[in-house]
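Letters A, B and C name the chains as they come in the text, with residue numbers starting at 1 for each one.
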C-alpha cells in the first residue's frame, strides 16, 4: 500500500473544475513529481492533499486512512507538511519564530526544540546565522530554505513541495534540489510539483504529467525524461 | 501643579480603560482584518454583567460593603460571561462569513452591535433606566500628593489594567496560542499548514478580547457607578474612543493599543482641563471628543499606520 | 388597531391608550402625548405620563369633554430630539390628535413643537422651561415658568438665603434648557454682586467630568450651579465628592434634577444640595392635597414629584380649554388655551400670558435623606 493514495479526485473552484478524476500514488520513501503547464492542476492537487481545499469527489488516503474531509491542521498532525507555492513564510516573524511556527504541532519543550532546530539547520547552515533576522529580509533562496526547514520541523512523513525553484537563480536551484534529495534519503517521502522539469525528473523516482486537470501520463522518472512527447512539450527538446 | 497632577492621574486612569477596550479591537483586526463594531457593546455588557452579578449575590443595598474578594469574584464572572459571549458572537455571526466580502462582515458587525444594545435594554434584561453600580471597592483615599487624591479605585484600575495587559502580552508573544494568533494574523492558510487550528485560534482571540472588555467594563462601573442604559450613547462613544485608540496606536498592534489608549486619555483630560483657562472660557469641556478626533486626524495624516503600526507587509 | 400604533416596543408595559376602549370609537377625542419613557431621562417621561393618565381618567369618569371621551395616545421618544419630531408627526398625521401634550426636556419640546406648529395643532408642554419653546409659534403653550425666572430663583436663593458670593457653573452645552438656565443664573447672580469663579461645560452622555471638576475645585467656589438633567448630575455629584469637593460645597440646579434616580444613584453625594422646582408636595393648598391623595391611590402610594404634577396640570388645562372652545380646530383650541386665567392647578395658580407661558411661583427644595424637602418659595417678579 502506498503512503499517499489519491483516487479519482475532482476539485472545483466555484463553477470551474480544476481537477478531473486525478489519481496519484506515492510510495513510502520515494520522491514523486507532478509536471505540467500552469493551470494543469498540480498545485490544486497538493492543496487538496493538505486540506486547504475540499475535493468535490474522490478520496485521499494517507497511510490507508481517508483524510480528504479533515481540516489542514489535523492533516499536519498526521504527518503531512506542505510548503506552499510562494513559500508562505511569515515575513514579520524572525527566522527563529518561523521555525517555531513550523514546530507548532509537536508541542516541544524549549530544549527539544533547540535540538530539532539544530538537526534541521544542519541542512541549511545559512539559516543558523540569521535566526534573529526578520524573515522578510531574507533573499529568495534563503526564504525557500526557511520554508522547507520550517516544514521539516513538524517531522513530516510526507513533504509536499510546490515549485521550490520558482524565481531562484540556477545555482540556488541546484542547492535546493541537493537538499531535497538529502531530505528524502533520511526517509521523508516527497511529492514535488515543479516547472523545472529537468531538475525534477532528475531528482524524482516517479513522475506524473498533468494537463487541464487530468493525469495524462505516469511513469518512472527516467522513462519520462526519455519520452519524446515529454521532451518536446516540456523540456523544449526535439 | 495640583491641576496638572490631578489631570495626569485621571488621564492615566481613563486611558487604561481605553487601552483595555482597544486591545479587543486590535486583536480581532490583527487576526481577521475587520473591525468588530460589536466590541464596544461587549464592554457595555461587561459593566452591566458586573452590576447584575453584584445584585444577584445580594451585594447591593443592605448587603453592600466593600470587599476586594467580592470585587474579584464579580470581575471574574463578568469576564467569563463576556468571554462566552465573544465566543458565541464569532461562532454564530462572523464565522459563517469568514470568506464573504468585507462589507458583509462590517454590516453584520453593526447588526450584532444593535442586537446586543437592544437585547440589553429589554425589560427583562437590564431595562431602559440607568442604575447605580453597588460599591465593591472602598472609596479609600490612599494618599494625597500636592492636593491630589490618589484613590484606591484609580490605583486598582491602573494596576489591574497593567496586569491584564502584561498577561495578554505574554500570551501573545510567549505562548503557543499566541504564536498561533500571530501566525493566523499573517496568513491563516499558511498558519493552518503549520498545524494551527484557525477556527480555534480565532475563537480564542474573540474570547480574550471580550474578557479584557469585560474587565474594562467592571473597572469602569466601579469608577463611574452611574450605569447608563445599554443602548445609551455613552457606551457607543466610549467604544468609539477605544477604537480610535487602537487606530492611533496602530491597529493590529497590541502594544500600540496600549499606547493609543493612554494617549487618548491624556489628550482628552488635558484638553478639557486646560482649554477653558487658556482660551478665557471660549473653549470648554464639551470639546472633549474634538481633541480625540483631532488627534486621530493628525495621526492619520502623519503616520497612517498608527504610532506603532507598520505598513502591511505584502505577502511574498 | 390602536394597539398596533403604540410603537414603543421597548416599553410594552406602558399602555398607549388610556381612557375609553383601546379601539378608537368615532366619538372619541384623540389627545397625543410624547415623552421620554425610556433613555437617559426616562423618569421624566414616565412620571409625567402618570400625571397625564390620572387627569385623563378623571376627566373621562366625569363625562369627558362635552360628552365625548378622551383617548390618549402616547409615544416614546427615547430621550432623543430627532425621535420627538418623528413621533409628533405620527401623532398628528396618523392618529389625528387634536392636541399634543409634551415634552419635559426643552430640546425635545422644540423639536416636537416645530412639527405641531407646522400642522397647526396646539401643543402644551408640561414642564419645558427654556424660553424659546413657546417662541416657535401661536400653537405652542406651556403650564410652567420659564428659565429667565428659574435662573433668577436660584441666584436669589444662593445670594439671599445661603449668603454665597462665589459660585461656579457647570452645564450641558447640548441642551437648550441647560445653556439657557446657566446664562440666566450667571446674569442674575452677577447683578446681585456675586462672582462666577468658573464656567465649565459637558456633553450629555459623557460619563467623566473629572477635568471640569478639577478646574472648578481649584477656582474656590462655595457652591456649584449645575442646571443639567438628573442623569449627568448624579455622575457629576459622585465625581465631585470623589475629587474632594466636600458636601459643604452644595450643588445647585433646576427642575431637571427632579427624579427619584438622582438620590438613588448619587446617594450621599447630593445630600444637602438645592434645586428649584415647580411645586412642593408639602404645599397645604387643597388642590395639592387632593392630587397627592388621588395619585397615591392610583400609583401604589408613591408621592408625586413636580413632573407628575405638571403633567396633570398640563392635561387639565388642555381639557379645560377644550371644554371652553367652540370647536376642536387648532385655531379655536389655541384661542381657548391662551385665555386660561387663574386656573387652580396643582403647581400653582396658572394664567397663560401673552407669550403663552405660565406666570407662577417657583419653590426651592433641598435633598435631605434622599428626598427633596421644601425650603422656600420664590414669587415671579411683579409686572
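In the analysis below, contacts are C-beta pairs under 8 Å (C-beta built on N, C-alpha and C of every residue); 3 or more make two chains touch, one makes a residue touch a chain.
Quick caveat: nothing in here was measured; it's all calculated off a predicted structure.
Put simply, the chain nearest the middle, going by average C-alpha positions, is B.
The two chains most heavily joined by C-beta contacts are B-C. Look at the CA centroids: the one farthest from the centroid of chain A belongs to C.
With centres taken as mean Cα positions, chain C sits 36 Å from chain B.
Between the Cα centres of chain A and chain C there is a gap of 76 Å. A separation of 43 Å divides the Cα centre of chain A from that of chain B. Those residues of chain B whose C-beta lies close enough to touch chain A in the complex are 176, 179-180, 182-183, 186-187, 189-199, 310, 313, 315-316.
Those residues of chain B whose C-beta lies close enough to touch chain C in the complex are 2-3, 6-7, 10, 14, 118, 121-123, 128-132, 139, 141, 149, 151, 220, 224-226, 228-229, 232-234, 237-238, 268-273, 276-277, 281, 284-286, 288-289. Of all residues in chain C, those touching chain B in their complex are 10-13, 37-40, 42-43, 172-174, 198-212, 214-215, 218, 231, 234-235, 238-239, 242-244, 261, 264-267.
Chain A makes touch with chain B in their complex at residues 50-52, 71-73, 76-77, 81-82, 84, 86-93, 97, 100-102, 104-105, 107, 136, 143, 150, 154.
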